[in-house]
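Letters A, B, C and D mark the chains in the order given here, with residues in each chain numbered from 1 onward.
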Amino acid sequence: MKVHEYQAKELFVERGLPVPRGKVATTAEEAEAIAKELGGAVVVKAQVHVGGRGKAGGVKLASGPAEAKEKAAAILGMDIKGLTVEKVLVTEAVDIEEEYYIGLIMDRASKQPMFIVSAAGGVDIEQVAATTPEKILKLGIDPRYGVKPFQLRRLAFSVSQDPAVVKGMSQALSVLYDVFMKSDASLVEINPFVKTKDGKTWSVDAKLNIDDNALFRQPQIAAMRDLAEEDSDEMEAKEAGLSFVKLDGNIGCLVNGAGLAMATMDLVQHFGGMPANFLDIGGSSNPEKVVTAMKIILRDPQVEAILFNIFGGITRCDDVAAGLLKATEQLDVKLPIVARLTGTNEEKAREMLQGSALVPAVTMDEAVQKALELAGGAQ
Amino acid sequence: MSIFVDNNTKLVVQGITGRDGAFHAASMKDYGTHLVAGVTPGKGGQEAGGVPVFNTVAEAVQETGANTSCIFVPPAFATDAIFEAVDAGIDLVVCITEGVPVNDMMVVFRYVKERGARLIGPNCPGLISPGQAKVGILPGQICREGHVGVVSRSGTLTYEVVDQLTRNGLGQSTCIGIGGDPIIGTNFIDCLEAFEADPATEAVLLIGEIGGDAEEHAAAYIRDQMSIPVVSFIAGRTAPPGKRMGHAGAIVSGGKGTVESKEEAFREAGVAVAVKPSDLVPLLAEKYDPAREALCSA
Amino acid sequence: MKVHEYQAKELFVERGLPVPRGKVATTAEEAEAIAKELGGAVVVKAQVHVGGRGKAGGVKLASGPAEAKEKAAAILGMDIKGLTVEKVLVTEAVDIEEEYYIGLIMDRASKQPMFIVSAAGGVDIEQVAATTPEKILKLGIDPRYGVKPFQLRRLAFSVSQDPAVVKGMSQALSVLYDVFMKSDASLVEINPFVKTKDGKTWSVDAKLNIDDNALFRQPQIAAMRDLAEEDSDEMEAKEAGLSFVKLDGNIGCLVNGAGLAMATMDLVQHFGGMPANFLDIGGSSNPEKVVTAMKIILRDPQVEAILFNIFGGITRCDDVAAGLLKATEQLDVKLPIVARLTGTNEEKAREMLQGSALVPAVTMDEAVQKALELAGGAQ
Amino acid sequence: MSIFVDNNTKLVVQGITGRDGAFHAASMKDYGTHLVAGVTPGKGGQEAGGVPVFNTVAEAVQETGANTSCIFVPPAFATDAIFEAVDAGIDLVVCITEGVPVNDMMVVFRYVKERGARLIGPNCPGLISPGQAKVGILPGQICREGHVGVVSRSGTLTYEVVDQLTRNGLGQSTCIGIGGDPIIGTNFIDCLEAFEADPATEAVLLIGEIGGDAEEHAAAYIRDQMSIPVVSFIAGRTAPPGKRMGHAGAIVSGGKGTVESKEEAFREAGVAVAVKPSDLVPLLAEKYDPAREALCSA
């Protein structure tokens, strides 16, 4: 789960890390009022869960309240990479002298949190990593021991000898680690972390991604979820215990197991089609789950055929068949459905589906090819 | 022969009185696994599925000599269950539970390693050595004794592949699902190393997916260290970047963890890469002739 | 440093652990008022930093306010093992059905916190450990990983199968660990931890010792120090950077280094005398420290001779000699002083002391023997 | 020969720009120790006592090849300094600082051990291998090259004993003060083991004190594992129970950690026990004849 910049900053401020003063606005008038309250120049920043909002025009400087109102009006409602901007953060503009990148990620390979620090701040760190990796210092932290002051110093000294920067950055890195561990983050970053001309340091931007597996014990973070930023179909699927991701193709896929679901999608593409979605109905599925899954898929007008690919292990094929029959009864399904149900209780499932309009298939390859034919051939 | 589980496996099921724990304990026992105990705190002294239930794993180990544990407890309690099993001296811990917080796993991983135990999972289907023992939730009926090792980050995709092997007369030494989370206890390389050392394993099927770089590391390992043939398939070519595909670990981010990168690594390492699952068995047949192997090892 | 029962309980309550309601009183009237507020029977408990206060009559049950006043009057001012009772804790009396011991100590041998749990609660655990060690379960906790729920359960299950006890004790053990680590404790215990007849669990008593080395980062705990319970000479010495412990003999000892100071005391006893104190003036001592040390020793009317035993390493003998001369000038020292100053700058020190009334000595043995002679021979 | 420090010691002083650090860095250098660097965060690039100062130990190691560190920083920063030294690859860390929180040491101890480094102290005078190197604050002038190993929990009491050895013509291989805290990095047994293995050490003086049971464990080790003679003295017979005697670790509590218990353990192990410090040299002479040893090893 992603949280907004302004929310991540709240967590920083709770731990004593200085960030430019600011507030969130949902209207241009609110933005104007906040700018008035702050005084001086402000920055109006789109709060959306995508990177590169600066390049997309989602971040603007305003000299005062009137301009803040104007800029906010332009940014609110803007579409950035498919997401509509519903909120802007209006913050004091700070007089930047130096910009740094500091971040902490969960590193899969070394199985520990890993700090990333660079003097090349304010730009895309992945690009810096790809083009000039020598400008980046990485330091893994053994979570059994936690981060030690010497590690914070080493990271800070690697980019600056300025005592103000070393002190401010050490504190910021310490807060990053604290937020990371206490919030079950998978990524937390400040880009840029800046030194202003008066020798102070500020966390000007903030990014925080949370491990979905840990949300059950992070009520404060879970409450930060911005439903406007989430796909409603994905949310509905999650509620029902399904895992769903919308794609752009014509073949609706309904599979048990994430790996098999991906392999099914890939096979659709291999035979010249395009999957309309990733959908994993999970283990020990009950008929209701299948009905919900069908509903979500049928909402997509691009879908031309539906493909069931079930390998029964714990999932029983007869349960899926029951759900399938129930769904075709309840919902007005006009699309062709190919059903490949194999494994546990497959004979029973076959009997149940006999006489229905469903197109049976034995292998994955056969099932995908039939679905593509029924959808009108390869796209 | 086989890897990790066999006839010497003495199994304790943590969470045996829960719905999933009870169901799969019975299934494992039916398969022939030596199920010796269950653990559910507060239900010590009861019986479940024909075995005694203990309050703690330590007691279960002391009373029954269990050496392997299979965990079916909710995600909030799974890391504690792993700690408990390892602390009690269990050698092999198989954690089926999905949804374990990743930051907990960073710490658990170090504990398991420090204590010299082995963890498989979490978020995995477990493993099966056909004809000997099954620890986890894989459907035993699709397996058959033989000489192909199967290792996979997936569950049902593994079944699909194992089923194809069996239908084509290719039995398995051990089939193991290592789990779909970003941090897991046993990685591809651990399994490859074990398969290479196992006299009964003559070829390996490796099923990877997008996310992380475990496949890339495995490729280097195969190139440098393995003599038996390995055939691979990687799922997730059509997954959009930045989106998790069901598994917490199945995500392409920052241009890393793509199918292309993994396939390239395998190809460079001389590992055959199947374009689709149904190509795996034919590809394997090119590299491995069970009849010839049988002759050689006779 | 030791904290009182009522203070330790405050830390428990902060972390949600149930303790019988209660308040501290310094007068009998206050105790009466607290008993009235609590209602019902109460227990009046002396708050002193010694064990065995129950046996000494420092813990009394009272049926109501009037009796509470009476019992408090009897306990306040009581002398328990040399300490005067200045405060009593008045708490609800609970209807005890079962008593347990639970504690956590810093175990030197295994270098980790170690839980100690026993079904033999309410009595001296050291006695239980000595006579019936099988009644005690010990469990060390690796501080890198912290305590895990399974460990709490294992400890609790070892003494009870009762779900209420297991749950309550697991929580209490978790709080003990938390208090131990967060307060830099060397020992924390609840004895007894009880189950009442209504099936609830309570922490009826509490003991907490803090590592002196960590007090600098434990302001909350440091503020709990009860000066009335501390020896004022020891406190004064500590302020001056000295380490002082009052003993019962006639030879005042002034030594640099704890090991040498102990060896000097032992030698006094070996030759038939008794040391009046342990005193380590520490390393790199300045003359002022020596003056303070002399002042403290001279306050003890039992002292008949003063023995300086200095092995100059970092400590320079001339510094000590200067302090010694300054002290004899400033203070009206009528007692004989034996000075054995050896090591760094010993010649210089010898010159400085020449012509003074101080008795020089070359070896430790000689110095101690001379001091004993001057004090009027062996006791 | 000697143990832990010698001519190959390349020393970095952590806290070299502080009062104590500067004083003792100079003293160690004067003694002949190869002082190669100092560390004080924020003073990198400066010079102190004729050696370069770095911001981090990692830099100091990289630039100068330091393999040993001596720590003179205030107690609140000492554990961090130990972590830093070990993390930077330092083999031997000598922490002079007194007053380090004990709970921190529980964790540091494990870190040092896990990384295969050695920590001496905290709250110790350090060690000296006469004629080769001194790391710590022991007065070098009282030592003399020779074949007696000295290990002690104390500072000045060690000097007292070393002085007596030297005055009696008995030189030392290494004199080491392991520190007076309840948790220290290197214990008696570690030193005894090293002395036993050191060809230059022909006898050992062990100076213990009240508190803990390190002497009891040492006694068992000497009995079971050592061939060279050991003579001991234990301080604190007159210390009242429950009171700390200067050292955080010097306390008799719950009837444990008494001089009697330790002396009894030594006597049972066949280790000579001196009643007073001045008896140590005569006792040693009974067990060890340097002239004879010199003949034997010639």
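One rule holds in what follows: a contact is a pair of C-beta atoms (placed from the backbone, for glycine too) under 8 Å apart; a residue touches a chain by one contact, two chains touch by 3 or more.
Just so it is clear, the structure is predicted and the values come from calculations on it, not from any experiment.
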Name, by label, each chain that touches both members of the pair chain A and chain D. C
B-C against C-D, pair bridged by the larger set of C-beta contacts: C-D
Where the CA atoms of chain A average out and where those of chain C average out, how many Å apart are those spots? 56
How many Å are there between the centre of chain B and the centre of chain D, using C-alpha atoms for each centre? 50
CA centroid of chain C to CA centroid of chain D, Å: 28
Would you give the residues of chain B that are in contact with at least 2 other chains, written as numbers and ranges? 107
Going by residue number, chain C touches two or more other chains at 144-145
Which word fits how the chains touch one another: line, ring, star, complete or other? other
So the touching chain pairs work out to A-B, A-C, A-D, B-C, C-D
Give the list of chain D residues in touch with chain C in this complex. 20, 75-76, 99-107, 109-110, 125, 137-139, 142, 152-160, 163, 180-183, 207, 209-210, 212-213, 217, 233, 235-240, 243-250, 254-255, 259, 275-278
Which part of chain A faces chain D closely enough to touch in the complex? 145, 148-151, 153-154, 157, 161, 163, 166
Show which residues of chain A lie in contact with chain B when the two form their complex. 106, 108-109, 111-113, 126, 130, 142-144, 180-181, 184, 186, 211-214, 216-217, 243, 245, 247, 255-263, 265-270, 274-275, 278, 280, 283-284, 311-315, 342-344, 363-365
Could you please specify the touching residues of chain A with respect to chain C in the complex? 144-145
Using the touch definition from the top, list the residues of chain D that touch chain A in their complex. 41-42, 44-45, 55-58, 77, 80-81, 83-84, 87, 107, 111
